[in-house]
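Listed below are the structures to be examined.
One chain, chain A, links the two complexes that follow: it is found with chain B in the first and with chain C in the second.
Up next is the complex of A and B:
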């Protein structure tokens, strides 16, 4: 039934919150990464039925820590169980739900201290976050509108549409200092104002970016609705990667159900405001996320970026004024509207209020989505929340900002994660991806790898990016093969600057970050490659020779078992030896050695 | 053994065309996705028919069909494996995984086996970095395993 006003909306909220009264709710995550959630849910349900325990087993969206999945939560008791299997169902029903006792194996092991925690509020990597954009991550079923409404979603839109003018909404967003989370950090309020003030009869509002759509699609839709109301758009699109099957299905369903309930579509919540949303699908190529490319894709054109003038706010989709915001930005909008700009500014920095969702990965103990205030240091992220570097290795570098981000080293660990400080060190906020590298990595090879893949991603429209990236990749490949010369280093630097300065869109402008930032921090390693023909990280095969340190070797034969060429000899409990004639420097042995006995010479 | 072929029957083509809004250029990506889903590639004759239906030049159809990795002018395999090459996956064995898949199947990246069973491609960060290295198997994500074990599992008994 359509909700025809604010009162009907709040009644719907109460009804949704009350529907599980008298039953214990158990949530099983069905995030993209958690295979097996369905079987766990079924097992818990049937066990409870047999035991006569009254439960409401509901699904949950991704918690942002898929390596711990499937996750089962008991929200009323604040419990969070990881790695649950169907066979755990009896214990969950009797012990966990019945007596509040959690078996050790289902509690979350803290990566740094090895202590186990079952209370969500005590799990360090969750408790240490400030989840605002991710406020509903794992707490609602993203496919269930009632769950969203129970969590307060669409409340801010109801407030805006019924009690605020579009001007007031824009003023609130401006006062909050909200900056776009899609990479560039442009002021969301300014963008909305420009669109509202642009001449034109009708406008569009577009949501860009896929991650939040899988976690909380209604929060994104609510933000988009508020944006549309603020700028005066009556049509909008959610743009998602076609290959994200889950996000696509969730958004499709979310648009349908919200429209059916009168939260989107004609005369929303009984007001005069109408806003129709459609789903538009795009490719998985990196450039497809660039704002002007997104708009071209929706028009059915090849998604090549265009020059920024005229701005999309003035002439965007089908030539009409268009506001395009990242989905994380949009998920924050309702919070700003509901709680007010002052409250929003309480976390983060003065220049960048609020939080940012970061995706931590690579050689770190606990990866996943981490939402932290802007200004949190890289050290806190990697060593605090992430539990430090995996295995017994040491931190060497982190790539900050995604595939076109910059590489930061140990000396940068206290860098606040924020637009200005990151830019000053040659990195970006970008996609929010942070990849940690340990001392078994090679910065030159990392630069080669990402430059090579970005060269393949270049849409080819402009020469500096299309040709420049290929040339950079070629030079870097030569260096990693041991065919570089010292003259290559200034050449790399000069060319990288040209590509960064002269490219048309953000892809070409940021792609050289990895080259420039590694040259700045790891020049000695570049020199080792071109002058001594050595790869200190032991990655570039042509330049690597491994040896076994006989003092450290315990003779466990683990390396012998994995060596694909049979280059390692030595009896059990006797020091082993690598035959340099046979060894191809693949490095498999080094990943297996528990005693760090395999050294680069 | 003769090479398997994908039948382009007229009924499926006309069904596909009927569902497209005539003269609506912005429906082109949708048209190509439908063709790719139906025939595991965008056949020449379908591309031409789509161009007529949407009133766009054939060059635009081919332009888009060759821009996106999700479309192909030649049939893709029954199983399309997309190895994520994002930052986190790269650091956790994606290159090894890709190499193993390609060498086991004897194809190059982006290639398809002769029997049209497997296609192996790379893709950009799919956002599931915590379970790196990640592979999308006909759209479903798999991960969290040793690269060589994963390669074995993905290809089933085949080597």
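Up next is the complex of A and C:
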């Protein structure tokens, strides 16, 4: 049934919130990474039925910590159980729900202190976050509009459409200092104003970016609706990668259900404002992080960026003024509208108010999605929330900003994660990915790997990116193969600088970050590769020789078992030895050695 | 009116002109490869980059693409600063590595201080620099017969699915606009071969010389709303005919 006004909308909210009265709600996460969630949910349901316990078993979207999944939560009791298996169902029904007791194995082990926590509010890596964009992550079923409405979604849109003028909405967004989360950090308010003031009969509002679409599609649609209302757009698109099957299905369903309930489409919530949203599918080209490429893809053309004269806000999709925002930005918009710009500015920095969703990965104890205020240091992220470097290894570097981000080292750990400070150190906010590397990694090889991938992702339109990245990757490949010369280092730097300076779009302009930032911080390692023919990190196989430190070796034979070429010999409890003639320097032994006895010579 | 400082000279131009337009009007040379006056600017070759900053700006100048950057009042533009020259040299160095057999690229590179490439040379013999002038002129004509395929360094100009170009009308616009002569074709008085197709030529009824392909005649007639037999004479015959008519008229008057 269509909601024809604000009152009908608030009644719908009450109904949605009250639908589980008298039942205990249990949520089982069914995020993209949580295989097994369905079986867990079924087991809990059938166990409860047999025991006569009245439960409402509902799905939950991704919590942003897939290594702990499947996760089962009991929201009323604030409980958070990790790594649940169908066999745990009886205990969950009787002990957890019945008596509020959580068996140790289902509680979350804190990566740093090894303590176990079952209350969500006490789990350090969750409690330490400021979840605004991810406010509903794991708390709602992203496929259920009633869940979204119960959580307050579309309330800010109702407020905007019924009590605010488009000008007032733009003024609020401007006052909040909200910046685009898609990477460049452009002022959302300025962009909306430019689009509203551009000449043209009709305009478009477009959302791109996949992560929030999987977690909270209605929050993104609500933000898009507010954007459309603010700029005066009556048609919009959500651009999703066709290969993100889950995001595609969720967005498709979300658009349909929201339209059916009168929250999108004609005369929204009984007002005069209409906004039709369609799903546009594209390939998974990296260049689709570039706004003008996305718009071309929606037009059905090859996603190639164009030079931004004029800006898309003035002439974008099909030649009409277009506002394009990242789904993370759009998920924050309702919060700004509902709580006001002053409230939003209370977190983050003066230049970048609010929070940023970061995706922490690599050699860290607790990875996943971390939403933190802008200005949080890299140290807090990696060593606080992330629990530090995995295993017994030491922190060496972190790649900040995704594949086109920069590599920061130990000396940069106190860098505030924010546009300005990161740019000053050769990194970017970018996609918000932070990949941690330990002392068994090689910055040169990392630079080679990412430059090679980015060269392949170049659309091929402009010369510096298409040809320059190729040659950067070639030079780096030669260096990692032991064929580099000292003259390669200044050539790398010079070419990387021109590619960054002269490329057409953000892909080419940021792709050399990894080369320049590693050259700046790890020049000694580059030199070791080209002068001494050695890879200090023990990664580049042509330049690595492993040896077993007989003082440290306990003779456990763990290395012998994994060595694919049988290069390691030695009796149990006797120091082992690597035969350099047979060893291929694959490094498998080093990952298995608990005594740090395998050393690079 | 817009007044700018280009290389220390005061240059006045109109609203809507680009930095490249303004510089060229003032006789300041900026090299280009993917630019053509008949087509929309593209911004792909990056050869025409210049440094630009508003006069009151304190920050560093921006490297902008002059074929697309609009002229703005008070802009200070440098078309040959060290930064610009470095970018141009690098672009030409990269193009020279891609197309070492292209005389055009070799000459242009040499002019800009790149006598030989510092990168490993391609050995495929291709002269294509992917300026996309061919694709763009073909689209402008309305044939849309060829376009870019693939991406990254593997991008190339091709007919759909690498088959004979179904929509090609054999007009040769692509081959003629190609700055490096990459697009080849074969031609006799009776037929023309390009993009996997063989076209029969329409001949001038006066001189008997090849005029255009049959497909181009149909295409042009349809586009202009003219009968197909409109196109019967070559431009030279038409000129001669007109001249004769005028001469006859003069004679009568005299």
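Everything that follows uses one rule, which is that the second predicted complex is superposed on the first by the 601 of 601 C-alpha atoms of A that agree within 3 Å, B and C clash if a C-alpha of one lies under 4 Å from a C-alpha of the other, contacts with A are read in each partner's own complex, and residues count from 1 in each chain.
Definition applied: a contact is a pair of C-beta atoms (placed from the backbone, for glycine too) under 8 Å apart; a residue touches a chain by one contact, two chains touch by 3 or more.
In this text the structure is predicted, and so the values were computed from the model without any measurement.
Trainee: Considering only touches as defined above, state whether A:457 meets chain B (first), chain C (second), both or neither.
Mentor: So A:457 meets both chain B and chain C here.
Trainee: Is A:211 touching the first partner chain B, the second partner chain C, both, or neither of them?
Mentor: Touch partner of A:211: chain B, not chain C.
Trainee: So which one touches more of the residues on chain A, chain B or chain C?
Mentor: Comparing chain B with chain C, the partner touching more chain A residues is B.
Trainee: Does chain B (first) or chain C (second) touch A:302, or do both, or does neither?
Mentor: both
Trainee: On the A-aligned overlay, A:284 touches which partner chain: chain B = first, chain C = second, or both, or neither?
Mentor: first
Trainee: Which partner chains sit in contact with A:65 here, chain B, chain C, both or neither? Use first/second/both/neither.
Mentor: In the superposition, A:65 touches chain B alone.
Trainee: Which partner chains sit in contact with A:485 here, chain B, chain C, both or neither? Use first/second/both/neither.
Mentor: Neither partner.
Trainee: Applying the touch criterion given at the start, work out whether A:113 contacts chain B, chain C, both or neither, answering first, second, both or neither.
Mentor: neither
Trainee: Looking at the overlay, what does A:274 touch: chain B (first), chain C (second), both, or neither?
Mentor: In the superposed model, A:274 contacts neither chain B nor chain C.
Trainee: Under the stated touch criterion, which partner chain does A:367 make contact with: chain B (first), chain C (second), both, or neither?
Mentor: Touch partner of A:367: chain B, not chain C.
Trainee: Touching chain B and also chain C: which chain A residues?
Mentor: Looking at chain A, the two contact sets intersect at 285, 302, 457, 459.
Trainee: Quick one: which bits of chain A touch chain B in the complex? Just the residue numbers, please.
Mentor: Those residues of chain A that touch chain B are 32-33, 35, 64-67, 210-211, 214, 242-245, 281-286, 297-303, 359-363, 367-369, 399, 402-403, 405, 431, 433, 435-437, 441, 449-450, 453, 457, 459.
Trainee: Where on chain A is chain C touching in the complex?
Mentor: 285, 302, 306-307, 309, 455-464, 466-468, 470-471, 474, 491, 494-495, 498, 501-504
Trainee: Tell me, which parts of chain B touch chain A in their complex?
Mentor: The contact residues of chain B facing chain A are 25-30, 33, 54, 56, 60, 63-64, 67-70, 82, 85-92, 95, 122-132, 136, 139-144.
Trainee: Looking at the complex, which residues from chain C come into contact with chain A?
Mentor: Going by the criterion above, the answer is residues 41, 43-47, 49, 63, 65, 68-70, 83, 86-87, 90-91, 94-95, 97-98, 118-120, 129-130, 132, 148, 150-155.
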